[in-house]
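Here chain A shows up in two complexes: once beside chain B, once beside chain C.
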Partner chain A sequence: MDLFNALVALSNFVIIPAIAYGSQLALGALGVTLIYGILRFSNFAHGDTMAFGAMLAVLITWLLQSMGVSFGPLPTALLALPFAILGTMALVLLTDRVVYRFYREQKAKPVILVIVSMGVMFIMNGLVRFIIGPNDQRFSDGERFIISVREFKALTGLKEGLAIKTTQGITVVVAIICVALLFWFLNRTRTGKSMRAYSDNEDLALLSGINPERVVMYTWLIVAALATTAGVLYGLDKSFKPFVYFQLLLPIFASAIVGGLGSPLGAIAGGFVIAFSEVTITYAWKKVLKYAMPESLEPSSLVQLLSTDYKFAVSFVILIVVLLFKPTGLFKGKSV
Partner chain B sequence: MSDTTRTAALFGLVFAMIALTGFMQSWNVALFILNMGLISAIMALGVNLQWGFAGLFNVGVMGFVALGGLAVVLTSAAPVEGAWSAGGWRIVIALLAGAGTIVGTVMVRQRMAKGRARTIATLSILVVGFFLYRGIFDPAVEAVEAINPALQGNLGGLNLPVLLAWPMGGLLAAGVAWLIGKTALGLRSDYLAIATLGIAEIIIAVMKNEDWLARGVKNMVGLDRPVPYEIDLQNTSSFVNRAEGLGLDPATASSLFVKLNYSMLFTVVLVIIFVMAQLALKSPWGRMMRAIRDNEVAAEAMGKDVTNRHLQIFVLGSAVCGIAGAMMTTLDGQLTPGTYQPLRYTFLIWVMVIVGGSGNNLGAVLGGFLIWFLWVQVEPMGLWLMEMITVGMPEGSGLKKHLIDSAAHMRLLTMGVILLLVLRFSPRGLIPEK
Partner chain C sequence: MKKLLLASAAGALLAGAASAEEIKLGVILGFTGPIESLTPSMADGAELAMKEVSDSGKLLGGSTVASVRADSTCVDAAAASAAAERLITSEGVKGIMGADCSGVTGAILNNVAVANGVVMVSPSATSPGLSHANNEDNGLFFRTAPSDARQGVVMTEVLMEEGIKEVAVTYTNNDYGKGLADSFQAAFEAAGGSVTINAAHEDGKADYSAEVGALASAGGDRLVVAGYVDQGGSGIVRAAIDSGAFDTFHFPDGMISNKLQENFGDEIEGSTGQHPGTDSPGAAKFSELVGDSFDATSPFTPESYDAAALILLAMQAAGSSDPAAYKEKIMDVANAPGEQIFPGELGKALDILAGGGEIDYVGATAVELIGSGESAGNYRQIVIDGGKIATAKYR
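And now, the complex of A and B:
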């Protein structure tokens, strides 16, 4: 038994990746949940909004790199992020003006808006592939590790190494800043309060003189910022590939629904629930158990519950279980 | 213009465009578009059953189409020598054990009173069942996949005629749809959408990874076909003579002949399904379905069993998609799980239904043909457009190269624009529901 090494192996392969992935999912799910709360439909184009934002960041990063600008040990993409957010904001405001507003004025049924968002998804997906192509793009630079395996081993003298990638650290820090800003905005500012009021009860909000178009505009702006940030962080951590963002739609929706659609706190919780279950269920536990168990009980197989290719199945099963037992999600969401 | 003339004109337009393709490009391309158009029309009919009749928001079409393809392998492929004795039966037993675990869990939860005892019983059944299942399953799979892994390593099929695979595809899709419907149909519309989206991804993941089933991403090629092979035709003197009599060279003639055979088979299936769907729509059952769609609460108050009716039509629509999927795999002659993508096999079918006119079977068929035609032809059109735009740019400029290379991605953009335009200006589709 060697609990220290077990703990280190566990952090290295499960806890740290899951925290980073969970933060990315949480940021994505926050966007989905805000749209659901204010505009009252499930936005199928969200994954592609993330892809669009990340694409802008990649292009701006390349531009900055060619101009010789760098951010020291941090990735240049962080400098590009604000510009990418502005670009995405322009795009979503344009889509809202050209596409969604018409249906809002018609008071169309939510399911019609979902189908409309399918059309937007096609267009954004095509746009991203048109501009940057369907291939993998790498755009992270700067220091690769906050602490690498070798440094950690030298520091502690343990047999197992622990590596924290810069991108993982940045993901968590940026996610915390984003969430703090968002909650400050929703709870402390006048506009944020009017957004929550509108989400809770549209008619009462209108009666008290809240301008719905203004609320909708702020929602889209926040969603654009969240989606771009989530997209860039995911791209930095893994790599940028347009199709992957489309596939992220499923875990993101699962996070938002598990947490309770329309509840920002739930979206964050849901993101981490989904991320931790995906990683723990598809991780081969042999390495950790080898340290944690007495020698006689050491497992001979990989002790992997499901192969990594089934990670979709994990988010899906959690989704179904939560929906069957707690239909409004962990944090009471709303149902339209 | 009356409705009938309008419908006839729209269909005439689509077929004229396909014919024009034949004259301007080649008849091979035209027949390819026609064949896949027939299949797309059947898929659109399936989605129209669910969405148009019953208002069920199923975005898992891809999964059912893929299951149809799987059925082709399981029905028509030759059984692999020794695979069943090596581990085939043990796989079946393992799967039964897995199913038994789930049934047992559900029964325990229904029979026992709520409380700590029930939770413990549920968890222990699940844990024991899981390890039992993996204990039987893993070695059996290993044994099957060890048989001639370069070419086989799967169980193979039943060696039945390939035409039987089409109804089998429908049955397989229907069976899975029943399971899904039982768990997910109680959910609200957008939850159901997410659930079906997930299920489709899981079905594809299973088909990609379970090599013992149909070789996974190693693909099954050279599947049986219900029509003669081109090479055999070219070696038949009577066929060659007749082709030369028509002024065609044997290679082209044989490929056209094969495609025409497929077209006829597909047309027969489309007509049968269309007539059945049409009869269903006009029957008391169809009226009840639409009544449920338009007002669930009222229908329930009138004593209609909404959940069961939804389950019924979900299974039927998925079966139709399964049949179309089986037909598509037969046409391709291969099963390649890696090529199933939600944009192409789920959302494109949705565009067909919405553009054609949801709730109207003729509309769905029209949408199937029209959107498929555009999906194929937008690419050459986009390339032509890009060449026109870039004509003034200097040779070898980066932008010119990029624009021409990106022309292939025009089709997604076009489909999105078409969908949004139809939803905005003709929300009930080209041939609206009566």
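And now, the complex of A and C:
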């Protein structure tokens, strides 16, 4: 019985939050990694692309809510998601036309493109604040919990409770669907194959008649869809605030680099590595150990490896270790 | 000719000593920077007191008071010190109503005010670091806002009365949060309670599952959230409720606003909190006095009125606008014994003081100076009842 309690406490405070957070990071990191693989630069504007997509979803959700449309127990934002993706696609294609294409034609070095993307980041940053403001916005509705702590306790009679939020469930399901679709697209379709070919060897791809502008356009479209989905899921699960997306850029890049830049599988693994290490290393194990250990060995201290202040430091330590010993990342991406 | 000049100069001097002068007071507040939305009404509050005193014509035989504003920026200690230096050396102010934020207030006090011997009365600096137990300030610094150390004690009293002996504490990672959390922990443990964990959280993050995991593991009867309601504080509370880690919370001043009620409603039923506030009739009289000319309920605005009033009343009590003389009188006019003085009654107070009587300045915020000259503070204790913030009592 005690072991069950330990397991439930661990799932409630570590495993479930980390899986949800990891899925959100993975979706974000996939976008970063795709841009890096095909356009060959680190896109710093990715966080703010997420914010822009999520902002569109918030606005459309409000519109739907005011028209009385709802999605039953699921959040209305899921209905708004496709429209938000279309809007974000338009925005990234526009920035590509106006900004990035110029530098691509110049064959600018990646470092120049990185700096250009920072400029784009600041503009998008301002655009989002200009439209919706810098404050917290709440747009989730529908059922809040798949199972709440109280229900779980009544159901099992355990002392510890377990809560699974609807948004956490949706995050994981949507992330799995997105990843499955993406891999099917990259491995099975003609366009996907041409994208991989272009990523592996640009010159060979050009020789075999692949149209680079088409590849670039498809990449942006996929990235916009991924970014918006990640942004909306994150906003639903936590709350929508423009500044938060800007800060999310760091763990997203850490995930992409740990996994191996340019490798989609690596981005997903990296997302979960970062999320789990952030949560487990700073978790105070006292509660779990109290259940799992015999009474005589009960810990009196918190059994916390690192204070939660150092949450972000954890991802960076992992990042440094990976870069030192395996510069291409866990899944053999391109070296940075 | 020479004699005539000397005589007339001496005459002028004599006349000057006996008759009215124009007294300048500095108003140093962060008109630009993080609290720029609060400072205009704070300055208006202080200037209202100066105008009231000037109009009465009773200060030091009919002296008038002029305000000179300067920008403390709230964050830039060098800019604030330069502004204060200018006020004292080139404008010749006799006292400073300010500064506002704790950091710049300390900088002005140590670099400028003590060196020049000018009195400062801050309406809003709450850092415990500004309490001068050993007279490092030469008795020049006062404040009409309570120190956060005081809030830690009040918070302990509230929790102890609720029968809560074990709490977890999380604070926003800055001077305010850390100061408050530490002073609370000290007070709570001294009163026999135990703090299971005292952990920081960063503002502006959206994910607080790691923080709440640690807090939940440490356990406690209640979670004390020394944060900001429109920043990380709400994120922590949200994550704690969702994961079932804590059902009730205790909120210091940074968390108490309508936003709290909007965000959580009856999900935090039974939670408690406190923030500076008073049921003294002074607050109502101040609002009445201000009318529509500015927002009398804006934070620290009544404190600003009281700060300026205290300086002027102390001058009257000392019979001089010299800071070295009137600094001794500030505690006397602020505290009992004497006749109670409310906002709008400064003229009456000047009369009593001129007649050699004693006053007990109550003002808009029920001023009671303790320790080295800081407000004892009045707190409104709240409880979440039926999803609404309700007043439990004042203490």
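Definition applied: the second predicted complex is superposed on the first by the 333 of 336 C-alpha atoms of A that agree within 3 Å, B and C clash if a C-alpha of one lies under 4 Å from a C-alpha of the other, contacts with A are read in each partner's own complex, and residues count from 1 in each chain.
Keep in mind that, in the parts below, a contact is a pair of C-beta atoms (placed from the backbone, for glycine too) under 8 Å apart; a residue touches a chain by one contact, two chains touch by 3 or more.
In this text, all values refer to a predicted model and were calculated from it rather than measured experimentally.
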item: Fit or clash between chain C and chain B when superposed on chain A; value: clash
item: Touching partner for A:217 - first (chain B), second (chain C), both, neither; value: neither
item: Contacts of A:112 with chain B and chain C, given as first, second, both or neither; value: first
item: Partner chain(s) touched by A:309 [first = chain B, second = chain C, both, neither]; value: both
item: Contacts of A:158 with chain B and chain C, given as first, second, both or neither; value: neither
item: Contacts of A:284 with chain B and chain C, given as first, second, both or neither; value: second
item: Touching partner for A:197 - first (chain B), second (chain C), both, neither; value: neither
item: Partner chain(s) touched by A:93 [first = chain B, second = chain C, both, neither]; value: neither
item: Touching both chain B and chain C, residues of chain A; value: 247, 307, 309
item: Touch list for chain A against partner chain B, complex; value: 41-42, 99, 102, 110-112, 114-116, 118-127, 129-131, 133-134, 246-247, 249-250, 253-254, 257, 305, 307, 309-310, 312-313, 315-316, 319-320, 323-324, 327, 335-336
item: Of all residues in chain B, those that touch chain A in their complex; value: 55, 57, 130, 183-184, 187-191, 193-195, 197-199, 201-202, 205, 208-209, 342-343, 347, 350-351, 354, 405-406, 409-417, 419-420, 423-424, 427
item: Partner chain C, residues of chain A touching it in the complex; value: 9, 12-14, 17-18, 21, 135-136, 144-145, 148-150, 161, 163, 165, 234, 238-239, 241, 243-244, 247-248, 278-279, 282-288, 302, 304, 307-309, 311
item: Partner chain A, residues of chain C touching it in the complex; value: 173, 197, 199-202, 204-207, 209-214, 216-219, 230, 234-235, 238, 242-245
